[in-house]
Amino acid sequence: MNRTTGHQKAVAAADSAYVLNLRNIAKRFGATQALEDVSLALRAGEVHALLGENGAGKSTLIKVMTGVHQPDRGEILLAGEPIAIGSAAEAQRHGIAAIYQEPLLFPDLNVAENIFICHQNRGAITDWRGMVREAERILASLGVSLDVRSPARGLTLAAQQSVEIAKAISLNVRVLIMDEPTASLSAHEVANLFRLVRDLRAKGVAILFVSHRMEEVFQIADTVTVFRDGRHISTRPVREVTPQSAIADMVGREMGLLERRTPAPHGEKLLSVQNLARAGVFEGVTFDVRRGEVLGFAGLIGAGRTDIGLALFGIEPATGGSIRLSDSERTIRSPRQAMALGIAYVSEDRRQLGLSLPMSISANITLPVLSRYLNRLGLIRTGQERATAEQFRKRLAIRTPSVDLAAGKLSGGNQQKVMLSKWLNTHPTLLILDEPTRGIDVGAKAEVHAMIGELAAEGIGIILISSDLPEVLAMSDRVLVMREGRQMAIFDRAEADSETVMFAAMGQTTQPAITGAAA
Amino acid sequence: MRWLQRNIRPEQIRELSLLLLIVVAVLFFGSLIDGYYTSRTFNRIAASVAIITVVAVGQTLVVLTRSIDLSVGSIAGCTAYFAGSMAAAHHDLPPLAVVLIAVALGAVMGAINGVLVAWGRVPSIIVTLGSLAIYRGILIDYSGAKTVTTDSLPAWIVDLPRLTFVTIGNLDIRAMFALAVAIVVLFQIGTSFLNVGRQFYAMGSNPDAAHLIGLPTRRIVFSAFLLSGALSGLAGFMFLARFGNITVEAARGLELQVVAAVVVGGVNIFGGSGTVFGAMLGAIMIGTLEQSLFRLQISEFWRDAILGLLILLAVASDAVILDRLRALWARTDLKLVTRAEAEP
Amino acid sequence: MTLPPILRRWETLLLVLLVAIGAVNIAWSPFYLGVGNIVNLFQLSIEKIIVALTMTLIIVNGEIDLSVASVMGLSACVAAYLFHAGIALPWALLASLAAGAAAGAFNGFWVAYVGLPSLAVTLAGLIGYRGIARILVEDRAYGGFPDWFNALGQQPWIGPVTVSIVVFLVMFAGVAVVLHGSALGRLVYVMGNNVQAARYSGVRVKRVKLLLFTASGTVAALAGLLYAARLGSVRGDMAVGFELDIITIVLLGGVSIFGGSGNLVGVGLSILLILNLRNGMGLANITGNTQTSVIGALLVLSVLVPNMAQTLHTKWKGRET
Amino acid sequence: MKKILLATVAATMLGLLAPHGASAQTTIEPGKPVEMVLLPKFLGILPFDQAHKGAEEAAAELKNAKTLQYLGPTPENSVAGQIEIVTNATTQGVGAIMMSNNSGDQIVPAAKAAHAKGIKVVTWDSPIPSAEGEDVFVAQVDFSETGKVMADMALSIMGPDGGKFAILSASPDAANQNAWIAAMQTALKDPKYAKLEVVGIVYGNDQSEASYSQALALVDKYPGIKLIMAPTSVGIVAAAKAMQDEKLCDKIKVSGLGVPAEMLAYTKNGCAPQFALWSFVDLGYLSYYTAYGLATGAIKAEAGASFKAGRLGNYTITKDPTRKEGLRVLMGPFSKYDASNVEAAAK
């Protein structure tokens, strides 16, 4: 310390109020600039809320802070000293811990052990008794009664969350990151959690709190930062923030970029869904789709939108309610059945679920309807296959030197087009698009949007699931809003605007219902 | 039911039912075979179970970390031969030294597997299929396909199988069986009460999480293979003592019996759950079947078919029944209960 | 994400190795190039390389079948047992193929429909099917098959080429067409790459898996019968341990143990490589044990070397940027 | 030297005379280079190593410039392995193959191919049952004699009251063991052995572990047995060790064919009071002489041909009375071992 220069001292003094200071962090994944020049400073004894839409860069920032990702640029200061966080273990040594929405527990280990597994300096012998006692004490301070001797496997998500929190507490962290910790907790559980967060704050822990629940942010946060599209938009004390201003910051991109699609004429009723449900996932979903109509599904991640798509496509069949297609009642139990009924589902996860990346573009495009490409001997007519692929390559402007190229070598946008080609090739009457523009560049995005318009004009019914609110608003004829497995509302084109939809998605029925900070 | 769920885990139910199955098997064979309930039957089963158990303990550690070690038979064969020829050449070698040589040689062979799996990132099934062949080949080349004969061994090794550790009534507990039980107890305690032992479970239970929270995942996998090798080495020594005559073919095929014991004993093939004690129960189940079927006139040939079925049932019951049990347990009593009412 | 060049050129590497081994064999043994030797070279391992073809399909699909050698033994024992029970040999052979198919389908059922790991299921098969074979023949040896049956495995048929070699060549062509030209082959790859993506594309993944395991069992049964014909006699311990050689051939051919990649050209080269290596060592009077350990080492190296190459490649790239 | 002397003494005691025929002798001319392969049933068994030693002794005497190849398969792969080795040797065009056949008639196609190429195929220890593809079988002892020797040992161990005994053999299709067992069964028909009863045969596949377990299983299966007869050197040791470990040596004795060096301890402590064997060193030695003679053309593979085999003296090729077809050279003699002579023989 005595070797530091005057300049450094001054910097250190300025930063000393901050436990963790991230400066000008940038991170790029392929075509996506996940974080661009982002700065964030966390003060001891402060709850700092981080808001932003899906894809705003919150998760990436968290991963940088916990050593999972290394930033391309920028520096991280811990109590004024620059540090590198090379691994999760290093983050832990620096006193930085994170609680994720999906808890990272060891299902075969019991609760007490899960809480203490990170304590690598706990000696050679497992002090079961001490561990159990300590775990019970921590959980009791959380107001949670849990058999700490039971394995984590059987725990509900809320219980797992409590274990994660206990784990962080047991580590005596300086910085605690909570990534949507309340997403799966009931109101009662949330109240307990907040009592605890306040305790931690009182002990001088810096807390980064990420949540989509606006009312929670105003209950607990001291400072609010908003990210949008990988950029830092604003950081303000909570008293200067209103829900309206925060949401405006979150969604406030230039709407001019996305023109409203001219609606196509609607034909007869294609799909009619009544009280559709899948046990424990979603329930009470009722809507219909006409030919030429685009029905947007808005809501936050985990609201159950994708699950409805999966139910309609027979991957995870519905357990209740009815599905009528062209006025006859159907049960859909497998993707093949769905395909036979003219339904196509373009998955949100093109790398894991959508494409076979090492295989060629043409092979991917023909996969669902391979039987169309067989000759009498049952062999694939590659010429015909390639011809189809070429057709789509032209129609969707897939930029590739050859349709024989492995799909994995394409950029995200072109992969998305391949996936779209694949399902258009099944000649669907109802097309379910799940996050069709996630992670692709602006140009490709516009092309996909144009394609959606064309398809609707051709008389295809489209369900558009997207977390990109402006996209949903621009493309949809009607917007269905989901929240926590329940259908909140269906807005007509005229009544749907970003605020209305966002408020519905966050569980607020009327706009001005939220007042400033509570409690 | 509530009491049951509070005090017993589904995994323990599985072990208990295996124990029950062993009792049923013993009663069944007892009704078919005259003079089954004798100390001789006990010794017979105990002697054959002892070697498998020791190797199965090591295999359990490996399987817990989501790997498999198919080279244990070759390692046991190599160490049996090497320790045997050392003991034959130097009769004055103290017993402990011979045992240590066997264990050390096994540990080295296990360490080679471990390095290739943990740092070479070669799937364990490939590494150990390869070393299964390589170690055996080395043994045959090194030995020139000669035999270690009973006669050339010092008397203490030859007499070891007869050495009785303790006599309870009619039952002689032989030293080798006692050794196997001691190993099981040691490792059961080690995997239950040592932090390094618990890491095997953590690693296999959720490798991503283990990596994320900074557990030394590679070192854990490596030490599992190291210990599996060392215990196979010890088993090699026991093999030497039991059979005396060690050809280059010694302990060939041991890996199948051991994997079978581990799987039947309820160690999940995908890692993370199962106990050393369960693996011993698996070995006892298999040993009981094997030794008892020997005594039924025709049925000796049914042994493998029954063993295959047993493995399949064990895996299927893990996948289907155990999951149901766990769900049942989770549904009723282990839910999160908040105590806000009780709080002031 | 790009693979290092060495992986892209796996077949080239195999070819170079093959040429090198061929050259060494020619230089060291004057007998290597004889027609008889080339036929023998195939003939001595013919059953293994036949089964390696279906094993390729299974492994590309992302599964494994450890039970093949036991199914080989089982099929031979079923045929011998029925034949000695007085059933005409052609019927006995058909029944034995059916038994192989049933054994494979049994494996496939547990893997595809119950969702058990194929490693565990086929390990049970490895032990259990051998057990059934032993129940049938106990510790007897069955011989005395009609001459035409023995001739299937022993007599030259077309020129010096035996029936088994013809079977192998036809099957090689067949599997090549299936894997690289047919819808089934396409699905095998897609599922091996990413079984979820296949499911999301409406592929009936369970049915494909069941079919593959059934095919594996049937072909193993065929190979078992050819083995019986070659030896002219059947024992309960026939083909014990063959699974190691068979899996080694496939993996050395560049087929990933995790599925989804590899091709039959690589497997073909690997077959030639292993057979020539064995033959060369045999002619140099190096016995089976050393041969097996050399091949075991090749197996480990075939995965280790690309891994290390990838690591070095990544490091090298890291230094450049 | 001592051993040979002893062996001769034993042979004389038994009244066995090796067929040291007196017809015109062919002297085998040394110094010709002949590639020769000695192929045991499989590797890792002491008697085969001894045969190897004997063959090398003969090779040195005959000044064969070519090194003797001692190649063998592993037990679990012995059938396919023997076929592969014979096939490769055929490709190499060696002069002679000396084989202890472990595969019944499964070897016939390979042996015939070798024979067709002019390679001399000499079997020793265990012949090809159909004799197809085989030139001569060098028989260790007369198989019917083996049967009688085993029957005598059984009688002598169990005493005049007789009793039940069981057989622990090698593999189910090992031609030699099967012939010996058959010969013993025939011998047992003699009223002299009326009180001896064979209750069962099991197979240990010439592997220590399997033989050990099978021996124990015999004890359990047939509680009344007094003797385990093991006509295999692996089986007899394993059985003796099993009885000793189970402390059963008082009740159940072990006998059969064994190597003195391996049996020493068990004979001295009474677990295996008597056993018999011929010299495997001599068997290797004689096989080498026979094969070398055939390959160099000094002797012809036909009945009546006779030759001098170095230190062992003169032998004549005769029709094999134990098989339908085939020729044999009968070595003999048998040596019986007990506590009085085993120590000397083990040296």
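Order of writing sets the labels: A, B, C and D. Residues in every chain begin at 1.
In this section, contacts are C-beta pairs under 8 Å (C-beta built on N, C-alpha and C of every residue); 3 or more make two chains touch, one makes a residue touch a chain.
Given the structure is predicted, the values throughout are model-derived calculations rather than measurements.
Undergrad: So which chains are sitting against chain C and chain D at once?
TA: Neighbours common to chain C and chain D are B.
Undergrad: Based on CA centres, what chain would you say lies at the far end from chain D?
TA: Result for max centroid distance from chain D is chain A.
Undergrad: Find the geometric centre of each of chain A and chain D from their Cα atoms only, then give the gap between the two centres in Å, rounded to an integer.
TA: 77
Undergrad: Distance between chain B and chain D based on Cα centroids, please, to the nearest Å.
TA: 39
Undergrad: Just give me the whole-number Å value for how far the CA centre of chain A lies from that of chain B.
TA: Distance between chain centres: 45 Å.
Undergrad: For chain B and chain C, what's the span in angstrom between their mean Cα positions?
TA: Inter-chain centre distance comes to 30 Å.
Undergrad: Spell out, as numbers or ranges, the residues of chain D touching 2 or more other chains.
TA: 43, 72, 74, 76
Undergrad: Residues of chain C touching 2+ other chains?
TA: Counting only residues that touch two or more other chains, chain C contributes 139, 287, 289.
Undergrad: Two or more other chains in contact with one residue: find those residues in chain A.
TA: As it turns out, chain A has no residue touching two or more other chains.
Undergrad: Run through the chains and report each pair that touches.
TA: Touching chain pairs, listed by label, come out as A-B, A-C, B-C, B-D, C-D.
Undergrad: Please output the residues of chain B touching chain D within their complex, sorted ascending.
TA: Residues of chain B touching chain D: 33-35, 40-41, 43-44, 47-48, 140, 143, 145-147, 149-151, 158, 161-162, 242-253, 294-295, 297, 300.
Undergrad: Any idea which chain A residues touch chain B in the complex?
TA: Within the complex, chain A touches chain B at residues 68, 87-90, 92, 104-109, 113, 117-118, 120, 122-126, 128, 140, 143-147, 150-151, 153-156, 158-159, 162, 188-189, 191-192.
Undergrad: Which stretch or stretches of chain C touch chain A in the complex?
TA: Residues 1, 177, 181-183, 186-187, 189-190, 193-194, 196-204, 260-261.
Undergrad: How about chain D: which of its residues touch chain C in the complex?
TA: 43, 69, 71-74, 76-77, 79-81, 83-85, 87-88, 91-93, 103-106, 108-109, 171-173, 203, 205
Undergrad: For chain D, which residues count as touching chain B in their complex?
TA: Interface residues on chain D, with respect to chain B: 43-46, 49, 72, 74-76, 207-209, 212-214, 216-217, 220-221, 223, 234, 237-238, 241, 244-247, 261-265, 346.
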